[in-house]
């Protein structure tokens, strides 16, 4: 869905949710960027078109959050929590999809379905953009 | 209290909670380390004995969390949330003092008073240490 | 030339050499990735197709060097020197184009023209790849 | 010698030169800070009094260079070269002790003996400090 809207998927580049979203985006002809923690391009999953190798371990979560116009958070892992925290520090809007980190703070919206999450993310990214420009 | 137990205070080195804890530790004759985000030692508050200048912005939160045997989280800021997330990724025990981020997860304890927070942190750090060694 | 060989340009995303190489690659229809030090996508030059926002200041030089299969170093700046150093720490081959950092070490080749630099970089990247796989 | 002048040794915290300088400083009663690349305090050599755990791999070289008022570079390794580059980016004076990276640039002095290196580093750090303050 992200790909169909002409947007680029940026993620941590490894497995699980990061692989699932990249696989979906590639299947839809979209661009995918994976920002991996290790020192090798081979760490990325096969659906990452552009691998950014940071060599900085979990600090790469800052780059993942900072590189998005909006952040869609999936799952209850602590890496995801760090990315939510960084997104909010930097003023990026956050959409939490499904169960996971329900922090109940301003700037963090909930979505029940992927459709709703992508719609919200695109809309909130646009609003953040307008706030920045005006 | 941390200083009186012979432990070192590691924090982000800037103002507010970071300044208050460093001031207290110095007053008690303790060592303080401040890991600042910018590129200048002058960014640190006056109670930081050893300034580590990272030049890495908010990525320095990883180093703050990683450098502790246990993490005491004070306040509801997103920088604190990033440090809690990193502490748990790395297996450091977390004690949340007062209101703030009550995430309700294993490895994160609550404390009502500073005394309780320091006692808990020292005990949990010892347990984490024993788990690592055995 | 990099774009015409089907390779992707990865650079620091800002001005001068970083802008010149991105402009050339885009004109040839190639992909460009800019890994910027600040916290905003707006920092990137207009010829960067994919902006990776690190928020990590000069530490992003590690990611720039690590993300390439080979590194072409242009100019005598200290940021370039840091990238050469990181490339060699990580085993990436380095080609120095024109005047600049002539360190005279194994793994660092000199090129007199852009054509020679790209040819060398592609060949050395292939050799490094074969060494890694065998 | 650094310790005897009342200055603190900051280094990468691991073996070889980093261990030798920390051992010497501790023997003279000085403070030592080791900024390690991995995720564990146990990575530091035994003469590090204060371990800063970055979890950021080679990106920690930026913090090592940035945390000094002056940088004394020993040996010809690429990690040392990255630290020289970062020191100069940030305006820290550099003293190269013995053989190693003789880059022949302004802001990088040579020293033949440890005595000369420490004298130069302390003097240059003071000059840099005065430039910053005036």
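A, B, C and D label the chains in the order they appear, each numbered from 1.
In the analysis below, a residue touches a chain if its C-beta (ideal position, glycine included) is under 8 Å from a C-beta of that chain, and two chains touch if they have at least 3 such contacts.
The structure displayed is predicted, hence computed values, not measured ones.
Visitor: Count the smallest number of chain-to-chain hops linking chain B with chain C, moving only between touching chains.
Guide: Minimal hop count between chain B and chain C: 1.
Visitor: Which chain's C-alpha centroid is most distant from that of chain B?
Guide: C
Visitor: Would the interface of chain A with chain D count as same or different, where same needs over half of all numbers used to appear in both copies?
Guide: Result for this pair: same.
Visitor: Starting from the mean Cα coordinates of chain A and chain B, work out the distance between those two points in Å.
Guide: 28
Visitor: Can you check how far apart chain A and chain D are, centre to centre, with Cα atoms defining each centre and the answer in Å?
Guide: One centre to the other, that is 38 Å.
Visitor: Roughly how far is chain B from chain D, centre to centre by C-alpha average, rounded to an integer in Å?
Guide: Here chain B and chain D have centroids separated by 25 Å.
Visitor: Can you list the chain A residues in contact with two or more other chains?
Guide: Counting only residues that touch two or more other chains, chain A contributes 39, 54-59, 62, 86, 90.
Visitor: Residue numbers of chain B touching chain C in their complex, please.
Guide: 39, 54-59
Visitor: With touch defined as at the start, can you tell me which chain D residues reach chain B in the complex?
Guide: Touch list, chain D to chain B: 8, 10, 31, 33, 35, 39, 41, 50-56, 59, 62-63, 66-67, 69, 86, 90.
Visitor: Touching chain B in the complex: which residues of chain A?
Guide: 56-59, 62, 78-79, 81-82, 84-86, 88-90
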